[in-house]
Amino acid sequence: MRVGVLTGGGDCPGLNAVIRAVVRKGIKDYGYEFVGFRDGWRGPLEGDTMPLDISAVRGILPRGGTILGSSRTNLMKIDGGVERVKDNLAGLGVDALVAIGGEDTLGVARQLFDRDVKVVGVPKTIDNDLNATDYTFGFDTAVNIATEAIDRLHTTAESHHRALIVEVMGRHAGWIALHSGMAAGANVILIPERPFDIGEVVAHVESRFKTNYAPIIVVAEGAHPKDGQMELSTGEKDSFGHVRLGGIGQRLAEEIESRTGKEARSVVLGHVQRGGTPSAFDRVLATRLGSNAIAAVNDKEFGKMVALQGTEIVRVDLAEATETLKTVPTERYEEAEVFFG
Amino acid sequence: MRVGVLTGGGDCPGLNAVIRAVVRKGIKDYGYEFVGFRDGWRGPLEGDTMPLDISAVRGILPRGGTILGSSRTNLMKIDGGVERVKDNLAGLGVDALVAIGGEDTLGVARQLFDRDVKVVGVPKTIDNDLNATDYTFGFDTAVNIATEAIDRLHTTAESHHRALIVEVMGRHAGWIALHSGMAAGANVILIPERPFDIGEVVAHVESRFKTNYAPIIVVAEGAHPKDGQMELSTGEKDSFGHVRLGGIGQRLAEEIESRTGKEARSVVLGHVQRGGTPSAFDRVLATRLGSNAIAAVNDKEFGKMVALQGTEIVRVDLAEATETLKTVPTERYEEAEVFFG
Amino acid sequence: MRVGVLTGGGDCPGLNAVIRAVVRKGIKDYGYEFVGFRDGWRGPLEGDTMPLDISAVRGILPRGGTILGSSRTNLMKIDGGVERVKDNLAGLGVDALVAIGGEDTLGVARQLFDRDVKVVGVPKTIDNDLNATDYTFGFDTAVNIATEAIDRLHTTAESHHRALIVEVMGRHAGWIALHSGMAAGANVILIPERPFDIGEVVAHVESRFKTNYAPIIVVAEGAHPKDGQMELSTGEKDSFGHVRLGGIGQRLAEEIESRTGKEARSVVLGHVQRGGTPSAFDRVLATRLGSNAIAAVNDKEFGKMVALQGTEIVRVDLAEATETLKTVPTERYEEAEVFFG
Amino acid sequence: MRVGVLTGGGDCPGLNAVIRAVVRKGIKDYGYEFVGFRDGWRGPLEGDTMPLDISAVRGILPRGGTILGSSRTNLMKIDGGVERVKDNLAGLGVDALVAIGGEDTLGVARQLFDRDVKVVGVPKTIDNDLNATDYTFGFDTAVNIATEAIDRLHTTAESHHRALIVEVMGRHAGWIALHSGMAAGANVILIPERPFDIGEVVAHVESRFKTNYAPIIVVAEGAHPKDGQMELSTGEKDSFGHVRLGGIGQRLAEEIESRTGKEARSVVLGHVQRGGTPSAFDRVLATRLGSNAIAAVNDKEFGKMVALQGTEIVRVDLAEATETLKTVPTERYEEAEVFFG
């Protein structure tokens, strides 16, 4: 049995831990051979491979990034892409595929499975917004990094009687903001799922200034005010016409300064959240997911994604996993809201 | 409503986060008053209290330890202890109790509940060996600390062609060893649940020496060899007659040196694992448990312990929670075993 | 003897360690009393004080920020400011002052000394750009934080075949960029002292892309291109007309993308660099500086600043210390340049 | 020009950073070729080499350990060792040697130089006890690790009203104990240079217990009591007859328990202090030392050791560097003593 492995989408701590687990268990328990595909779907599309044996995965468990490289190549947008992948897999003698990635990568995996490719998916998103799994690896690391940064900002805010706005990742779901905000004692947490009222935010800020402590606002990059409340300046786009990372944090700082008369500064954590060595939680989770994925291959359970439910690794349909986004439920936000202000 | 709060047993990162959540939510949502009892059950036994209001819990979320202090005072071994506690609670006007602690503390809580004290328990053990909850707070922090230490030891082992034995906490359950060992790529993990065969351990060590990497063995303090295999020297007791922390790690190092002829050194992580600032995971978990515990008081659901199941905080009977120890199941150990050697 | 203490200017890890050392040694060795002035020069100007005894400084050694608060109040710009300060010191019975701060704070200290105020200065700047001292406390912490962030970004850059630009503090001097860039293996380091040639930067980026590694550029916020090379868009100002933090990093990313056709992203570390717990180096340095400052008061050596030279704490004239900025010398930059590309 | 490189003695964070700097600058600036010798002096003795080019040193800057391996092989104790080394160097066409190591390694380097081997030394010791250099790389990392551990232990000590004894490295010099103890606010610091009075130690412990804080004692492994004060049990030797790491810490804990009646526990940090990624300070220092060492080769300044003096890298005679041990001077200890108790 020859098994191909690829990693797609954005960087995420734990990718290498998954690859190592797939390969080590696959060789030791099942005697498989492995083929590494480079840069996500680009690899099987172009037949770009690298050797993937025990020595290739030695020492990679604690390392961030992915030895296989990644890309956002979307197979479905390429004419004849699926056929070329099937031809390349056949040509390379690859019997099955382990695809590690987020919504996009797994969406492609699912469509390949519908066209008879033997594929197992491993969920990956820093944002923790994939359905059917309690947590995705990388998320815990991102939350730890954000929490440490906010811990540091507390003392600066207090010494200077300043409001600090920390913008964290999360375009569509506020999980990183929710967890890092709760962990670091943020005074307000703003998430995409819940358009905010700028007046309420300012009220929290002002009530906080009355203590000896200073306000810290954690805001997901995708958070936004209720309709019409705060103009999001069109000047916020970069030279490519994309909305600039850091937009909402900076706008909030300006708005809070002008409404409270106190200094406010924003910090955008950016890519630091998704690189580097994974937390212990993420290494264990990634290892278990990888082990179970290759076991699924051995069990011939294709078209599945491995997932964490409670303390167990289970297998769910790729279809189910990629249907809807897992957003922050109201009760989880309300639980955090108790500590605002 | 006046609610007493106490923390019992060994130190554990997240205790202050629980206390803060109980107090902040209790005051904000329910208008409760709080009384802090000092040093576990010694507090209510001797009527030793401290003020516990919003200002007392400001800034404590990220801090290790417990502002209430702790002790191992066992109420049940003190004649008339229960009556004295009931009298003191009545005298202080305390209507209900939130008891934060491990098996012992919650065992006492359960017996007090049987004698009509209104009590809610919050599970606490670095060892993660309490039944009915997926994880206990403090465990994730301990695993991260152990993992970072093992990461550091890898390079030393390799540069010196040496075996390193890392002894971590876990007298009765091997959770910390299992998780930190998986996370840090240990070559062998030894846990109390599974008496080890010294010949197998040595075989793993020798096979590892044949690569460019060096063997790291993670051993829980309560791990032990199969009957008669390795004499645990009686010289290992301290001046008080207690078995010395570090015993098994040191013995393994000696045994491996004498059997392989290679250098072996042991490191005992000790109390470093249970102090200091909690990880983000533990802060979120501790906060959620604290919030739910005071909500249980408000719901008049006494005799319960709050617990994590999946991503939800639930309530279980104190009786159920304290009946049996949660040890590492065979399948979890086998999952890790794939990576040995 | 009653001694006043104040902290001025931006936040800097180690401020509390200085305050603690001044107070503990002052009380234990000399029997002094202390008065804390709040928020830099605003404190003595307005007579705003706080108690500063042994219990006030307990536990503050590892904490970021300053328990005294800070501000940028510039005494010299306030009519009659110096007289009001002298009156307030007399009224409060304050015999001498320990002023902890950067160029501005120490400049005021020097002018007060010229008008017969007994003052000793302690140098503080995250940027390490104060003359007459080898290092300032806070700098080592900032460099460690930046280095850890860049370590994390390496894996992301590599996995995505992307250039990453990391903007660090340093308006007038490139010390943080130089040290964190050297420590983290940056491919290019850009500092204010040395206007850069954008063509050379792009050449380094392109040569790096030919390896399996990806380019990381560390740029001090005050770095700038050689005349006319790269337009720094006027749109980079915030709503208050200030140049926005992050300007140069973002501009470089755009320029590199358009010149190389490869993705480039910028990360602005911002205030995270100046908050939180100090590194061990900074705690030791801050403690030694504080101890020596109060010893200088006892020796009646006023008008001096304490400084690190080699491994010794020495005393230099405030005048000497604040005359010129300590910038990165050419040979230090050339030493780093060897590792570019 | 072909240059050999070797690393000798105990592991130390920063070794790889030195190797990388030597090789990269040597190739880029001087066009040298390099030969890596494995495991310290064993490499040239046995002619055991590995390739050492640009690709061999890519990515090693942040990694602990040494890619060249290390050993304690002492050339001077081997009959004809020096001649064999000279023959091997000639046979391999190696013109000069960069030897990175501590007292022993540099002592051998010096004797080789006396016998016409062209050698430049780079000082390496975690213990910071080499003369003629302000700091050695690895020391700052060790102090940071010890400081973080002591930070964590503070909260445990306080929650349990316990004394904690932390044993750190330092057989002959107390630098790690002095710096980590000052940085972490230890209540007592015990170093080899200064035999301690057990009565004074106990007095500090008891005075500390009267506050709300708990005593932390930092003790270097080579510290010892004044004559006859505390029996150091002969049972402390391991199965090889060596004094066991952890001896003095454990003995102090027992003595303090029996004299104060309070609980005391010891933690031995051990090898964790010398492994893993170097701090930013150590990476910069190691890089600068490596760069300067290969420049010394190019300048034909053999028989020298590179060293840090103030902020400059200088060259001193190997003889001078290895003559005496740099111990903690009385005034540095007294500076720390102010904060005891």
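Things worth noting here:
Letters are used for the chains, namely A, B, C and D, taken in the order the chains are written, and counting of residues starts over at 1 for each.
Heads up, the rule we're going with is that a contact is a pair of C-beta atoms (placed from the backbone, for glycine too) under 8 Å apart; a residue touches a chain by one contact, two chains touch by 3 or more.
Note that the coordinates shown come from a computational prediction; the quantities given were computed from them, not determined experimentally.
Counting steps between touching chains, the shortest path from chain A to chain D takes 2.
Taking the mean of C-alpha positions as each chain's centre, the chain lying farthest from the centre of chain C is B. More C-beta pairs in contact connect the chains of B-D than those of the other pair, out of B-D and A-B. In terms of their C-alpha centroids, the spacing between chain B and chain D amounts to 34 Å.
If you average the CA atoms of chain A and of chain B, the two centres end up 30 Å from each other. Multi-chain contact residues, meaning those touching two or more other chains, occur in chain C at positions 151, 277. Across the whole structure, chains are in contact as follows: A-B, A-C, B-D, C-D. Those residues of chain B whose C-beta lies close enough to touch chain A in the complex are 21, 24-25, 28-29, 58-59, 61-62, 134-135, 140, 143-144, 146-147, 151, 179-180, 182-185, 211, 213, 277, 279-281, 283-284, 287-288, 291, 309-311, 335, 338-339.
Across the complex, chain D is touched by residues 7, 10-11, 15, 39, 63-66, 69-71, 145, 148-149, 151-161, 164, 235, 238-240, 244, 246, 250, 254, 257-258, 265-272, 274-277 of chain B.
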